[in-house]
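You will see two complexes here that share chain A, one where it goes with chain B and one where it goes with chain C.
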Partner chain A sequence: MTRGFLAQNPSILWFIGLLGLFTLGVTVLSEAYGTAVLSTSFVKTLGKTLCLCLVAIAMDVVWGYCGILSLGHFAFFGIGGYAIGMWLMYARTEAIVTENLAAAVIPPTEAEVSDAIASQIFGVVGASEFPAIWAFAHSLPLQLAMVVLVPGLLALVFGWLAFRSRVTGVYLSILTQAMTLALSLYLFQNDSGLRGNNGLSGLQNIPGFEATPQSQISIAFFWASALALALGYVLFAWVVSGKMGSVIRAIRDDEARVRFLGYHVESYKLFVFTLTAVVSGIAGALYYPQAGIINPAEIAPIASIYLAVWVAIGGRGRLYGAVLGTVFVTLLSSWFTGGGAPDIDLGIYTIQWTDWWLVLLGLSFVAVTLFAPQGLGGLVDKLVRKS
Partner chain B sequence: MSTLLEMSGVSVSFDGFRAINNLSFQIGEPELRAIIGPNGAGKTTFMDIITGKTKPDEGRILYGDKGISLLGLSESRIAREGIGRKFQKPTVFEAQSVRENLAMALKNPRGPFDVLLYRKTRAGAARIEEIAARIGLSEALTRPAGELSHGQKQWLEIGMLLAQEPRLLLVDEPAAGMTPAEREKTTEMLVDLGRDHAVIVVEHDMEFVRRLNCKVTVLNEGSVLAEGSIDHVTGDPQVIEVYLGR
Partner chain C sequence: MLRVFLAALLCAWLPAALQAQETAPGPAPDLQAILQQHQAEIAKPSRRTVGPAIEALAGSGLPGVPAFLEDWQNKEIYVREADGLFFRIDGSGDTVALLDLTTGETVAEDVPTDGLDQIKPNGGVRRVISEALVQFQLSDPDIDRRRDALDAIARNLDPDQLGPLRGSIAGEPDPALRLRKERLANYLVARFGDSTEARVAAIEALATDSSVDGRAVLSQILDTSVEVAQEVPDDVNLARVLEPGTDLPREEAYALMREAADLPPVLDPSGIRGLLETHVEGGKVGGLPIARLATRSGRLLAYDGLAAEGLVPERATPATVDAALASWTIYEAYDEEDSAVTDAARAANDSVQTRVAAGQAADLALDAVSLASIYFLAAIGLAITFGVMGVINMAHGEFIMMGAYTGYVVQLFIENYTVSLVVALPLAFAITFAAGVAMERLVIRWLYDRPLETLLATFGVSIALQQLAKNIFGTQARPLTSPGWLDGAWVINDVIQISYIRIAIFVLALLFLGLLLFILKRTRLGLEVRAVTQNPRMAASMGINPDRIKMMTFGLGSGIAGIAGVAIGLYAKVTSEMGSDYIVQSFMTVVVGGVGNVWGTLAGATLIGFLQKGIEFFNPSNTLAAQTYMILFIILFIQFRPKGIVALKGRAAGD
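Entry: the complex of A and B
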């Protein structure tokens, strides 16, 4: 079975091989274990990009293969980030508080420790008590479970309500966008229990590894991101191959016809929507410790729209296309907005790429949609077919 | 011959227009039945009601040996109960190969997890080969369905219907856009299917219906106008007036 699956999908081996080489290359060039050609912050950028690739292939499965243009998958990504961020912040604050109180003559009670942690974390929003949603924040295993369960359950309930009512197409996109917007607006409030627009910060400090330099932590997260991407790629490649892939592509193309073949279309959509939401949550949980901070702006609808743009530019309906699109657009974006691209002096007006990059991105999205609907992945397909 | 499907007193209105008006209809198993009627007679709505796409306002529909009610069942559930449908316009999944189209239709458990863990079997592959041979697409199994000719798509859709192994087949204008040779073959196949299935053929072409040589139901304005042999209904003055006389 496994051999047959890989033999039928040689692109998986190619992808894993290239990803392995890339991981090895970055490790050899890193500050921690190699020649220090790549700075730690650049290693983090690459690790984050791998996480974005993971959420992008999830988006490709739900949109490119199943035809559901979800504008909510970055919200699931953010929820995963918040879930791991809560533990990171709690555990680190706990360590600091315990250290401070250790000097006290009378050993502090558990309640005193808890209060001290709460006022440390929530002082910034004028609160000093733990909201109910922090009930599990002290436990890494429970909070890791939340990384999977919260996006999964939200997707399950939301998807069930939406698909059951046969909401499709642009209406479904609007609905998912409304969900994303509502979540982001809620998180912006100070009394949301997640520190309002301050978000969660200091996530790059991993409790228990205070003595480990960031250069090593960054490489560890880079490896973890690469492994997650590899596993996610194989999982999704398996899902979209064979009969399951056949049915979900059929749903994308003509869902009414699929119903008359006896398939309960809503269950399939719910399965794909929930599975991809869970993977997005995991991607987010790996991304934000590398970013160091998460705030509600990350979850804003625009992020989910970017996700759709990456997948469209990379070429929908092929997993490597989503990876190509993400890498291409995010790296290009950091080149343009990071001052890498020289400004163009037109005499009367100077094009500054920090301002004009988004315009360029928008135009290239329109161009891809109109002239190359197969995206960058389509170019790869053409090259492979020629050789 | 036992009754497989029984509709009684079924009515449905769209925005005040009565598409189906107190319709009663029965089909046995096995039986081949042709349904004819002028445009707007309610033929498509009739099929939509049986397959669960349209919910009737009143009436009842009983199906199968135990006489289960089809009202309130989803389209996919009705399909799983053994009612297959072929559309007027061939609707195959053009981006997928002929084999994939047939494999999807093949009678197997339909739940997402059944499908996810589905493994190809030799029996399944043999069944696909057998159906492909029957519909003349053995050579085209690996071709994308979108590359097929119009007639071949019609055949593929008939093949998908066969793969579902339904008890009741609803076939909407099977011969539309076919060459005379293809029509000949379609006629043979429908007659053949009618020996061990319940088959309802909706058709405009009177010559085609005549060749099916079966009982004919004439629909008009959402109810049954006449029923009987082709000669009987074509001789009926009412039928001549609303349909044949035009």
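Entry: the complex of A and C
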């Protein structure tokens, strides 16, 4: 079976091989374990890109394979980030508070420690008590479970409601976008219990590893992200191959016909929607410790649309396409906006790419949709076919 | 009731009128003569002695008295040391001219200032003077001064002002001002009237008055203070008894009791810790090792040990708190002693509160209507493109933004805001119409069979347009100033008011509703649009060119977005991101209302507008929460009516 599965999907071996080589290369060039050609911040950028690739292949499965244009997967990504961020922030603040209180004449009570942590974390929004949603923040295993459970449950409930009443196509897209907007608006409130628009910060400091330099932490997270991406790739390749994969693609192409053939379309869609949401949450949990800060603006509907843009540019319906699109657009974007691209002097007007990059992106996106619906992946197809 | 009030008014007014009649006749003395009668009090005024002098002046009825009082107050009156006569002066420096008080003629030129004394009344005297001045201002020929005087009285109600105020009512020519004077006099009677009957009558008259001032009078009469006693004394005017735990927190109740009686304090954890820390001896506190103090119960035990030794004061245990709360009563007593007055005030207050609540509901409804018309304007263009053509246009918000920026640019060239608005509305329509047609021809035409990709392609256009606007106009908000006649608000009363801009937007929304219905139902274009919507192939075989119709429809929808942009820009700021603020709500409006139907969009906008304002009413501080809950509601709503409020039936609904 395994052999058959791999033989069916030669791209898996290619992908894992390339990812392994890439990981090895980055490690060798890193500050922590190698020649220090790549700065720690660039290693972090690469690690973050790998996490974005993971959420992008999840998006590709739900959109490119199952035909559900979800504009909410970046919200699941953000929820995963918030879930891990709560523990990171709690544990770190607890360490600081315990250190401060250790000097006191009388040992502190549990209530005192908890109050001190709460006022440290929530002082910025004028509160000093833990909201109910922080009930598990003290425990890493419970909070890790939240990373999986919260996006999973949200996707399950939302998907069940939406698919049950046969909301499809653009309506579903708008509905998922509304969900994302509602979530981000909720998080923007100061009394949401998650520090309003301040978000959670200081997430790059991993409790228990205060002495470890950031260069080593960044490499560790890079490996973890690469591993997660590899596992996610294999998982999704397995999901979209075989009989289930055929049903999922059939739903994309003609939902009504699949239903008439006796398949329970809603269950398949719900399964894909929830599974991809869970993977998005995990990707977020790996992303935000590398980014160091998470705030509600990250969850805004626009982020989920960009996710769709990456997948579309990379080429829908092929997993490596999502990875290709994400890497291509994010790295190109940071090259253009980071001032890497040379300005173009037109004589009367100088095009500065920091200002004009989004215009270029928007227009090239229109061009890709119109002229190359297969995206970058279509080019790969042509190459493969020629050879 | 009105008759009682008028009678009360007459009773109070008569003495004042009689007094005026007493002083009016008699020899007509000169102002200077009266001043000379009270020369000492006026030249060296003091609060205690100046009264009779001012009364004599006020009673004289001479025309120059108010001006004199004002100048006196402003330290502009001088006394000549040689003969004690009073003058105004003209000029400055070593020598000045003396002016007669009554005629203003120059009495003497080049008088050295050495022989003159400036009169400088102190603060107390100036207050007495200004009180006397009020009655002159109340009958001043200048209506603005009368209004200012009334404002001054309303700001600070004072029983002394009742007399002058009543005296001026009869002679008031302006009906509005007269009504206001009567109202103010009524407020004064309600608060400071001599007899209970007069006050009750005045208070009853307030029951129909929902103005802020009237409510303030009632609430001042109903002022209470919180008292603690073991038994409620008989002589207080009891408002209500407060139940600890329900009406006020137990901690607060206990703190109040501690003010009245000698009770031990309730110590909070930090207070206990502070006291424990000062009594650490050899690693032990109150006989307990420090290590055992890491729990709350351990600390309390240690504290009680210290208290038993007398080292720290007793603390209140829950039992002592319970006992104290049981044996003491906390009550609110009215500051006003007369219970008949407070009863009447409470009844009046209840009726006023009902009126105010009704007014607030009406105000909220007006707000909701105006919000609904904004949503309608923003969404109606989308309803045409999305509803009629099934095309998702993510750049719709950017068309709104284009319209708003058009308005801004037109204002840069045309100074007159009214004219610029008249120019901007059609221009915005033209520009966004052209943009819409261009987008349809270049992008959307190729994607009619791939609706999801229309969404993505138009999104690409949207980010490009947004960034383009940012590059051209910068990131800061640009003003789109409304013409002067749209400033201000239509004030119905103190509770209900709505700004003219919102009314204008409402009118604009109505106009567009009518216009669209007309175009769709009564014109050739509308007929063809409906035909193409229902069955493009059949329409084509009837000789309609679907391509042209789709282009025109898209242009129309975009053009309306441009006009909506001008309207929205008038009351909100114009930024490059304003479009994305409206896009999701606009889609919601269309989807909730029912796709492909102008009435549906109207229903959707109304529902969303009222819903959002309704939620804001329950949680006014938090518009973000209101939006969140509204979106959640819409998500649930679509579960039950997936096709929206006004669903198309039959084949036209398609799928």
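The rule we apply is simple: the second predicted complex is superposed on the first by the 387 of 387 C-alpha atoms of A that agree within 3 Å, B and C clash if a C-alpha of one lies under 4 Å from a C-alpha of the other, contacts with A are read in each partner's own complex, and residues count from 1 in each chain.
Basically, a residue touches a chain if its C-beta (ideal position, glycine included) is under 8 Å from a C-beta of that chain, and two chains touch if they have at least 3 such contacts.
Keep in mind it's a predicted model, so treat the numbers as computed, not measured.
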Chain C versus chain B on the shared chain A, clash or fit after superposition: fit
Contacts of A:Tyr171 with chain B and chain C, given as first, second, both or neither: second
Contacts of A:Ser267 with chain B and chain C, given as first, second, both or neither: first
Chain C, chain A and chain B - angle at the middle CA centre, rounded to the nearest 10 degrees: 100
Touched partner set for A:Ala111, first chain B, second chain C, both or neither: second
Per-residue contact with chain A, leading partner among chain C and chain B: C
First, second, both or neither for A:Leu69, with chain B first and chain C second: second
First (chain B), second (chain C), both or neither touched by A:Ala155: neither
First (chain B), second (chain C), both or neither touched by A:Phe365: second
Partner chain(s) touched by A:Met86 [first = chain B, second = chain C, both, neither]: neither
Which of chain B and chain C A:Leu54 touches, first, second, both or neither: neither
Closest approach of chain C to chain B (Cα atoms, Å): 6
Of all residues in chain A, those that touch chain B in their complex: 1, 239, 242-244, 246-247, 249-250, 253-254, 256-265, 267-268, 271
Of all residues in chain C, those that touch chain A in their complex: 269, 273, 276-277, 280, 285, 290-291, 293-296, 299, 392, 394, 443, 446-447, 450-453, 455-457, 459-468, 470-471, 580, 584, 587-588, 591, 622, 624-625, 627-628, 631-632, 634-636, 638-640, 642
Chain C partner contacts - residues on chain A that touch it in the complex: 69, 104-112, 158, 161-162, 164-167, 169-171, 173-175, 177-179, 181-182, 185-186, 188-189, 191, 301-302, 305, 308-309, 312, 355-359, 361-366, 369-370, 373
Residues of chain B that touch chain A when the two form their complex: 51, 53, 74-77, 79-80, 84-85, 87, 91, 93-96, 100, 103-105, 110-112, 115-116, 118-119, 160, 164
